[in-house]
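Presented sequentially are two complexes of subunit A, the first with subunit B as partner and the second with subunit C.
Let's turn to the complex of A and B:
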């Protein structure tokens, strides 16, 4: 039942390029989802014993609502003039409710301790006992910017447990939504970076492009932030007519072309480049050790992308060019995002060009030998799915009650959660004024990590 | 006055208070004497002992030196009163004796009419200060080093002054040039240059002019010298340097172009370095000491302008520059003494000379420094209408007029030094806000820590408060009553000035009555400190009245915003500190400060998503490059003297006696031959 890209075996030692992606406790047993980056494999394993008594931050942060978490275990900084500079949770500069403790002796950041969970809503506990279709409403709204990734990830896991084999065209339409989401998120991040460098005119142009993508979302999916287009067993919008598909492709192509012109202006501005280059450098080894995902990891030269490592349909069927940059600085992360806008445009073109034309909302019960079905344990009561969201690898683990069909367990491992520590590491030794650029380049969202 | 200082210095061993009391009497007498001479314009001379036909040991009180006596006596008066409260069981009785003796030797220096008694005063001043520095608190080894460094610089300075005076002697044939009228030294060519350069180095060493600024900050900062001693060292001891240098310069009469350039450039660099290093200093004494370097640099700049202006026969500009130098000496000495005394008191209570130290001290104790400290730092950061502003304005105005100089090189140098000086005047604001913020008012504690000890401290603080206000009114007075100081300065220079500068530059303008506007040239800028003060007070009346009287517009107070989190407690590690306040400067000006930042990761492992506790150790150092140079020099000098000690000293006693006898015979022969 497990597709070829997921292995189920016991891993004892975490070393080399194996990364812990998530840890969760289900049926009284600790399980870990690991990523073998070198072999592009996802591994489902019992909790590796070598972790020993170390406290996993992933477990640690599962706190109650209203309790903030410092992503740090008792670090100590000594020296003359060292003090803690509290930044946030309500301040300019940080767009959401989240904070930092900057340990500094003035200007230079010695250590950065992210404080999260100010926005904790307890989505994972709240959905327990709900019908999957009701839970979907909560899940896709827990991080508005990544809503189509969230809903697709959740629904795919649920469909897999239920054994629903849905129409290919529905999957392709979901993929289109995810790529649109990626484009507008990357535009958003780029706009924020331009704003941080006070490139106001160019930033306004980038934001205008983002707005155009949002309007395309609204036109094709009924909602600017892609809420509510997904449903269990299919999608609420589509299939698009040939004209609609052509219109979508050409609109996105125009946006990508205009964006590349604006980028050319940005990249000719020394002021902008100076702020980005050599800022917040994250070496490859640190990125691996700390479990960076998404464009942040790719900016440090790690060749990982769920679209290749966990290729659910239609990503197993189309060409995907992964963009990496080995420099690891803010510039590298930005360049990865810029190039991903172009590559997403190519992906969208392929998706819309070759979209299958089966009956979109007629799901069937899958045959047991289907190779494309998703991993399920032998009792078929829980399943997980990974989606490459705009900020990186998103994991949902879902368990349904066998009798009532309601949600019994939900575990979300958002990309922002694992990217805090790489951000913190990369900023060590930088100065305060670099903070904004580093923060924006990681594309982090508190709503995402706090959920 | 002499007698009272002598008694004061002798009686110190028996009773500190009586000793300081005599110091006070002496200072008051000095003020009266100086004012009398300055206002009447008459000179007094006392010949002590005629050595030859032309030379004699003599003391004299002329308007010129009585101006410096006036400044010093104001400072001494304040310091002596302060010392009565400050000098407690922490220090031995010797301190009072040494302090008064230093004052006495300074009086000798100022009032001496001949170079020999000048040097006697100068030497005894250096030696007494050396012993005062030894009274500092802290690591005995560091203090000893600091004191000997001070002594070494003092002796080098004496050597250069002797060289300069010998040059003067060879040109005029007697020692009594100090008492004679200006332009008395008719030296020319290399000899006059010799006199000026040696005087510049000799007195510059005392003033802490770059590259000799080590002599100023290190002894004071490294020894944690008692505050009354630091005030004396930093404001009046350097004033002696100013006095000596201006004295030699005005007596030269004929000037070379490059003297002006050298003086201007050295002054400009000192001002900039002084202000920059003051900004990154974390020591309650080091910071004001560096600021002294900045201010003495400004005085040098004014003297340099005077030399250039005299060279180009711009008499009015030259006179104005000289008055600016004298004015700045006055305002700086008073403000600096005040800063040392206020900060010294707070750090005495805090028991730490570290600005970064946040030892809790009672709010009532801090409050004694609120207003005096504020006015002091405002004056030192040149805020109108206070003392420091008027003099800095005058100095900058003279530099603005560097376009009047005859050739392009002088104009460019004048302009660049003007820019540097203005920059220094801006940067010093960082240092002063830091001194006030972290040295005087912050962090503020509530009075809930009152133990018996702090109660007695509070009582003493209240009693010492008066002397801070004495300085406050002086600072205000020197600023607001600028025309009076201008008059005193021009009176003191009446022998020297070429023009009737007071009559031509202090006038009325635009409805402001005569004698209230100071012009900086004709035609150039003008400014009325008095009416600026009046204007500022008038402007303040309206908001103060509204806030006090108006019911509707009462001040609303609210809590500070801490990013949505609870307010950190006063002892929390989240408090901002003085080190962090100036770290941006350390990082930005890395090339100048040679900042070393060392972040060492001691422990901690980073594994996938799992963190174990990490430990860091942070060390940031700022380096004064000149200190490094001097350290290297010291190292070589030490090894040389060690070598000499090992090779020459263990010689035979007989040989040594023969050497001494021979030398003695040669000296006798030489003297008899000259006769």
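Let's turn to the complex of A and C:
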């Protein structure tokens, strides 16, 4: 049985590691974006037959607005001593409108039912009929802390349809924004973990570092959360001068260095390690079955990263080291994030060092399909894009009206949506007080999954 | 261990902002967080057509900051910044008393209320449909750069302990009841601060299916902090206003009947 809300599943019949990443219906046809994890490939295909009957169910999952949804799959839990602990939507642990039903038996969590859609805004339906540049404002405000991933993903898809070949330097500047976003989100997650472990002094230091990255964002991209730096056919900021680039690299390097010092403090604290190690274990097979993405998948030893699976420029050009950890516990996910801050710093350095110097805001109509190494549909009616956001694989499918150029269809597959079930799976059998650590380590955002 | 944290802290120096003693710096309020404010000869009608949230009201250079999402589209059509300090002052205008109808009465109430909170303030944040950026900015207030506790402001986790309800996000149908009940379970006197374009007017989400109404149609709002998202300093301004600590602040009367 394919759960209604899970779009990403392993299809055992095809090959152990091919997952359905996204399913959508376009022009009356069901299509799927598949992920070949072993070979790091993205495949656009017709609906695999073996899934046929479930798909209609899946596609019918309409945006039910104004009603919260329980992501309840699997068997019911009942019995003497089992009781439901409701958590949210206004709570101290989660600073967002979203909740959980924690089904507990004594100290242990038997089952965790995430409740989402408290703040479903229905962006996908709202943008229909809008001009892409107006829709962009909504799309980048779907999830504020993943905004540059969202805007880049959306814009790349639109540019693919329009056949715009934009300047390389603009693409590199977008990549810089995505890496900055990754760094501050990882710092945020780490800060939240520290706070949950009551390491207040150290947490304050991490939060100060995060604030510094936000200020760098504001300095170079005009906005602390990177809203509005992207536009169709280019970017609004940049190209940075040599001095600016050097300044950016050195500032981020200092931050990464200070962070590694702070991490050393954390890792020498027995209290902190105790709370993280062996907490909320997600074995590799479960992660595959439930379709975890991003640092949560990499923490369980799955080697998947959109920067390799769907390498838009400049990610096809620079070296990317993928950090994985086999353990699958909260510590592993945290370690992945810690290492990714370091690796993002290296990526940023490469990006800013080797940034091409073409005319940044001069898009050309591409005559030949230059980036044909990426899978796309032949008739260019619609297009999709995948971006590795801080919490994992983000997919946008966009279709434009051929005559008016307005949005005809938008499908967003946010990373947080598919990570809810791995989270609830990982918490089964853990004690109540581990909840905060597990939740923070997955780095999920309700705004993202509710879009 | 404790000693090394001490040294670490000394080495970093003082990070905390001087605000509210001095005006905030460009680092603290970047240019995109300052409301668009037109020069004399700007072409407003053009701006009106491209404004995504209908924030530009008329030719009289009125921008409804509560609707503005600071997208800076209209700055192409003639908004410019001359005096940086003046601009920063403008950026710091948390607006008191949104409900126009019984404004005078509310203003009296508000004055009384803020006397109670002069020394300390406990705030509770509630999200009713935001994009998470506003939430993060409110949480950022507790980092060493802003350091809320130096001003006697504390986060609390329960509505029963809260003096101030900080509302972020565009009110969603699923959250109406929750918002009302949270408000009702707070003890009197209580202040509601509505933060970000979303909660003040719906902002960019004002035409989505799930958007109910601005917050002030559901619960009485005392202070609004425009922005998308407002920077921590701007949120701090709103909080200080609710503590009566902000003398620079125009009163609501002056705001609505500006002296010529």
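Assume the second predicted complex is superposed on the first by the 414 of 451 C-alpha atoms of A that agree within 3 Å, B and C clash if a C-alpha of one lies under 4 Å from a C-alpha of the other, contacts with A are read in each partner's own complex, and residues count from 1 in each chain.
Going forward, a contact is a pair of C-beta atoms (placed from the backbone, for glycine too) under 8 Å apart; a residue touches a chain by one contact, two chains touch by 3 or more.
Here the structure is a predicted model, which is why all the values come from computation and not from measurement.
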item	value
Touched partner set for A:19, first subunit B, second subunit C, both or neither	first
A:76 touches, of subunit B and subunit C: first, second, both or neither?	first
Touching partner for A:87 - first (subunit B), second (subunit C), both, neither	first
Subunit B versus subunit C as contact partner of A:295, first or second or both or neither	neither
First (subunit B), second (subunit C), both or neither touched by A:448	second
Partner chain(s) touched by A:107 [first = subunit B, second = subunit C, both, neither]	first
Which superposed partner A:314 touches (first subunit B, second subunit C, both, neither)	neither
Partner chain in contact with A:205 - subunit B first, subunit C second, else both or neither	second
Set intersection of subunit A contacts, subunit C complex versus subunit B complex	89-91, 97
Touching residues (chain side subunit B, partner subunit A) in the complex	282, 356, 562-565, 568, 573-584, 586-587, 597, 599, 604, 606-620
List of subunit A residues in touch with subunit B within their complex	14, 18-20, 51, 54-58, 72-91, 97, 99, 103-108, 110-111, 286, 288-291, 418, 421, 425, 428-429, 431
Subunit C contact footprint on subunit A (complex, rising order)	65-68, 89-92, 95-97, 117-123, 125-126, 134, 137-138, 141-145, 147, 188, 201-202, 204-205, 207-208, 210-211, 214-215, 218-219, 222-225, 227-228, 261, 265, 268-269, 445-448
Contacting residues of subunit C [partner subunit A, same complex]	1, 4-5, 8-9, 12, 15, 27, 30-33, 52, 69, 71-72, 124-140, 142-145, 157-159, 169-170, 172-175, 178, 182, 204-205, 207-211, 228-229, 231
